[in-house]
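Structure, as structure tokens:
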Amino acid sequence: MRPSGRAADEMRHVVLEPDVSKHAEGSCLARFGDTHVLCTASIDEGVPGFMRGSGRGWVTAEYGMLPRATHTRGAREAARGRQGGRTLEIQRLIGRSLRAVTNLQGFGERSIQIDCDVIQADGGTRTAAITGAYVALYQAFDFMRIAKAIQQIPLTDSVAAVSCGLVNGEPVLDLDYEEDSSAQADANFVLTGKGQIVEVQATAESEPFDRATFDNLLTLAERGVAELTQAQHAAIQGG
Amino acid sequence: MRPSGRAADEMRHVVLEPDVSKHAEGSCLARFGDTHVLCTASIDEGVPGFMRGSGRGWVTAEYGMLPRATHTRGAREAARGRQGGRTLEIQRLIGRSLRAVTNLQGFGERSIQIDCDVIQADGGTRTAAITGAYVALYQAFDFMRIAKAIQQIPLTDSVAAVSCGLVNGEPVLDLDYEEDSSAQADANFVLTGKGQIVEVQATAESEPFDRATFDNLLTLAERGVAELTQAQHAAIQGG
Amino acid sequence: MRPSGRAADEMRHVVLEPDVSKHAEGSCLARFGDTHVLCTASIDEGVPGFMRGSGRGWVTAEYGMLPRATHTRGAREAARGRQGGRTLEIQRLIGRSLRAVTNLQGFGERSIQIDCDVIQADGGTRTAAITGAYVALYQAFDFMRIAKAIQQIPLTDSVAAVSCGLVNGEPVLDLDYEEDSSAQADANFVLTGKGQIVEVQATAESEPFDRATFDNLLTLAERGVAELTQAQHAAIQGG
Amino acid sequence: MRPSGRAADEMRHVVLEPDVSKHAEGSCLARFGDTHVLCTASIDEGVPGFMRGSGRGWVTAEYGMLPRATHTRGAREAARGRQGGRTLEIQRLIGRSLRAVTNLQGFGERSIQIDCDVIQADGGTRTAAITGAYVALYQAFDFMRIAKAIQQIPLTDSVAAVSCGLVNGEPVLDLDYEEDSSAQADANFVLTGKGQIVEVQATAESEPFDRATFDNLLTLAERGVAELTQAQHAAIQGG
Amino acid sequence: MRPSGRAADEMRHVVLEPDVSKHAEGSCLARFGDTHVLCTASIDEGVPGFMRGSGRGWVTAEYGMLPRATHTRGAREAARGRQGGRTLEIQRLIGRSLRAVTNLQGFGERSIQIDCDVIQADGGTRTAAITGAYVALYQAFDFMRIAKAIQQIPLTDSVAAVSCGLVNGEPVLDLDYEEDSSAQADANFVLTGKGQIVEVQATAESEPFDRATFDNLLTLAERGVAELTQAQHAAIQGG
Amino acid sequence: MRPSGRAADEMRHVVLEPDVSKHAEGSCLARFGDTHVLCTASIDEGVPGFMRGSGRGWVTAEYGMLPRATHTRGAREAARGRQGGRTLEIQRLIGRSLRAVTNLQGFGERSIQIDCDVIQADGGTRTAAITGAYVALYQAFDFMRIAKAIQQIPLTDSVAAVSCGLVNGEPVLDLDYEEDSSAQADANFVLTGKGQIVEVQATAESEPFDRATFDNLLTLAERGVAELTQAQHAAIQGG
């Protein structure tokens, strides 16, 4: 029995609320239970120097967490004067995940900057961030389409992410903070709407695990992402 | 006529929503129209080194703004590697304002860390931050009182803030972004519930102004803070 | 009775010594009693990127304090690797104050960099800095006028600053360090030669104060700035 | 046919040279073809603050690359003033991988600092680093055993790593730089000597891939790590 | 003929003005012609961590230059966020030079922090800094002696410094900025009052030079330091 | 008798191994006994901004030390976020030394970046670095000559460096770490193949020394550099 009372293959209550920002071209507040991540997409004319003249656009991401998003307050990264390794790792992951489903040739030499800021954390912030960021990115492209800057939305598939882990020896889907803290293994899967793999990050927390366990985690993730894909579809339709 | 259709002495719609954070001991989402600031108060045992053994507590504040809180995206301070002068100035102001109404002898050698994070900006973020931070601080003290850590809430008065400015030659209350951008003078007033002055910051944006103008701005501020004080009282009662 | 024996409305001995730097286009050593601030103005062809092509010039300021300018040595900001919040706040104030009396259209796309460095501190360093910086700025413009780069000096008024405070319950003018340390309220006023307000920063140090007190402080400031304006006039005439 | 002429499941020539440092308690120069990584293990009495009094030791790692280890010179991280996201990500991975096979209770409150410095790079630097770091760590524990600081070596298994990828549509083992640059998918597997999974990092570079492809990559990795495990065993025996 | 009209072995006009700071325990304004360096010595109880319990004191130095001390304005190191290599090199030199004539056993576990700040530069700032810093250090020890913290001044000799160089093929003493800019070789000599060598830094600017040239430069330096030693003696006597 | 059994004027075993890097245009592993420094030279089209249009090239250097190159591990400069004063001082010295024998007019507007990384340290790392860097620089120029980018190698002489010191009252050549730690004086000499002086850095470690001692150290250095010059010649011939 999981602390939250959920079944092993049951996601938390997921809400993807699009269009929450007055200013951003695309935005989504992604809630996986008590984990709340605000995702915005900002369009900028021009690309970084190394891409100029290529005719291609760029999608990149930054990630942050409010200091008291967590159980105990964490230091503010701006005050410490640098982003930690975990932050850099997550924002690189978000950027790669979105670019894997984006046709960079399809929107000219423009940059889309994704910002994922964790307003409240209860485990799985990076997976909520990727899932919400996709909705914000879609919205930003839709903004460009409506403004006639592009003819069609340059996305080849949708992308979403979920965590799975081995808790008390059992594979479970979508860990909250309590489970995450005691998991023997922890894996984040980024999959497309069609079920293809974009990124896998699996880590043995306390002791190594076998290949069969890994397979079970991946199977759970496929189920979770299918549900998230539906929620993304609904958010975009209603946006 | 103001762009928003408000009268010269009319505040934006103000909502102070207490208890919005799952984790923080005190919290308040302060909305002044489209300006939304999330304020949390975190209690920490112990005080900074220079105060150890004094028997007194400490209240301090940090301020931040999400990159796309604004009309155009601003650089993330954590990524730039330092907080800008404006950020430091504002967070120092918030801390001083709260300490001016706090009895530091009244809660032992503990620290209360206030975090004010601008989720969405439309002018007046520092005044919304101070106004909401007071509610979060009150809640944190109430948390301590309920936990029997203190007997009574060590606040000598309430504190709130509002901006006033000279726009098109007219003194107006509670400037939004559009007014702020074109103001000839801009002033932030931090006042107590009893109407005393805690802090005044007045700046001639384009050209110097006379003493009578300053007096008019202060009179407007007194009216605005009276309204904010009522909203704070209601938020705390309902908290 | 004040520690220095001065009357409540009496400034310290003020000396504005122009032309003290072998290299700078404009310079002034401003002494308010034992507070000594070296102000230089450096002319640079060109303006920051965001102003290029505007036809306008720019005036900006930096502020620093020698480590042992103070009673006890402070850390060197260059060694710590960043300027503190107080430093950034003061240098922003100096820059705004000077720009408020400068016609930026009047000297082409050039930058004037003001440096205010506190050689010795005894309270009121920011007000001495602004007062001396005006003289250095005037000199730099005069240098340009003599070099035929401009026809007339693009200043619309003079600007000077003084601190006032509530010490032992009495409003007093031009606080030295000893008074500043024990003041109940502390205010810095930046006023023009014609008596207009450029900037007000008033802070309740220990407890909030009322509007009548504020009015008294402002009246004192007007008297002090009148004296400083005369000293600036004399320094420039003799320069 | 691979650029190097290797078969799809063929590792580069691997040399693990132990005991290469005059000063370090443990060391190993790991060569995977033209990728050369110098790994040292330094024993330090004491543990980081958050672990003091726990009776447990700590193993941590840092990673670096000489500026001209690569085809074109990269900026020196010390000169840039910070470690990049890739560096932080890799050093976190190395530390986690080693801790997964270390019994932290087994060597008292001591720290072992692993340094992995890439002397020359030709793809797969993180996998060579982990593989060599295990040997250096073993040596450092052996140093402690010989010095009678511990009775037995607190390692529960060996650990090694290898990269696999999809190149020209074919799954291949142990990518060199040329293959890495053109791979459709790229995965790093950290496995124990017994074949358990410690860490998986798989990334779709250009387009998402399916589950069967992932399975093929993992099978290749198992074969590669078996070979690396033998090389580690030989290096330690001869050490 | 030198640009300044001086003979090859002639120092600039040297003035060592002691006791110029209201706050510092020791101070000296050292002027070598138009090069003006303010040197202060600050006494601090306690020593850095690595010296605690040793019974020995410590002397260390920091060096800085006001941005417009030079012909063209240099960037403020505090604003750039770090001290440059030249600054670090000079302050290390000043510290070593003073420690070479200080008996660290002779004043308990106290630190003396020397600050050398260049108010105006015209070549030879590091040599003026060392020469003035010795006077400030002497004064600080004298302050301790008068306060009965020590019985005698723990200095084994005096120390002073001068630059020499090869200008237009001729060895000359005490280069000003104009000579320094065109010198073929440039050397700084730190010598004691008794004529012993503390530090030599000689550099070929444009082309290597021979041993005889070096000998000539050293002979000039001995003459210059003898003069500086007299000036130090006079400053201390009059202090 | 020296700890190593060497005669006072005897160098350690010196090996200059050229062409050790797969990627760099020039490289040399310089070994002075147990001090091993990897030197690479990287050619870059273009020069720093301040030299553009001058028709001249540039040679610059960076220096680093692996954390466990030393007896006890030192902090990684990249992780600390800045290069220390010693590092900056050494890399400035290397750059100056090489430029003193380079004809900057002779290879167009190109930059050569030297990297000297200490793989293992046992005293004299800066002198080994300079000596090896010359070989790497020569090789890089030879690479350009073979590629027909230049007609002849723009070096006016060779350059090498050695340390000398006063140990137990005796002048000795090429100090290892043990001698360096106990030396009364320590000097680094950078000399050309023809015996001219490029740079002298002499420091009294514990007490000042006389001119005759300095002369003895220089004479030893001349002998040592003659030997190093031969080794450089041999390395280049064989390269």
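For reference, chains read A, B, C, D, E and F in written order, and residue numbers begin at 1 within each chain.
Throughout what follows, contacts are C-beta pairs under 8 Å (C-beta built on N, C-alpha and C of every residue); 3 or more make two chains touch, one makes a residue touch a chain.
Keep in mind the model is a prediction, meaning the values are calculated, not measured.
Trainee: Using the touch definition from the top, what's the fewest steps needed to get from chain D to chain E?
Mentor: Minimal hop count between chain D and chain E: 2.
Trainee: Among the remaining chains, which ones contact both chain D and chain F?
Mentor: Touching chain D and chain F alike: no chains returned.
Trainee: What chain lies farthest away from chain C once each centre is taken as the mean of the Cα atoms?
Mentor: Between chain C and every other chain, the largest centroid distance is to D.
Trainee: If you average the Cα atoms of chain A and of chain C to get two centres, how far apart are those centres in Å?
Mentor: 50
Trainee: Measuring from the mean C-alpha position of chain B to the mean C-alpha position of chain C, what distance in angstrom results?
Mentor: That gives a centre separation of 28 Å.
Trainee: I need the residues of chain F touching at least two other chains; which ones are they?
Mentor: Counting only residues that touch two or more other chains, chain F contributes 81-82.
Trainee: What order results when the ring of chains is traversed from chain B, passing next through chain C?
Mentor: B, C, E, F, D, A
Trainee: Using the touch definition up top, name the residues of chain F that touch chain E in the complex.
Mentor: Within the complex, chain F touches chain E at residues 82, 84-86, 88-89, 91-92, 96, 100-101, 156-157, 187, 191-192, 194-204, 207-211, 213-214, 218.
Trainee: Within the complex, which stretch of chain B touches chain A?
Mentor: On the chain B side, the touching residues are 21-24, 27, 34, 38, 40, 42, 44, 62, 64, 66-73, 76-79, 81-83, 87, 113, 115, 117, 119-120, 122.
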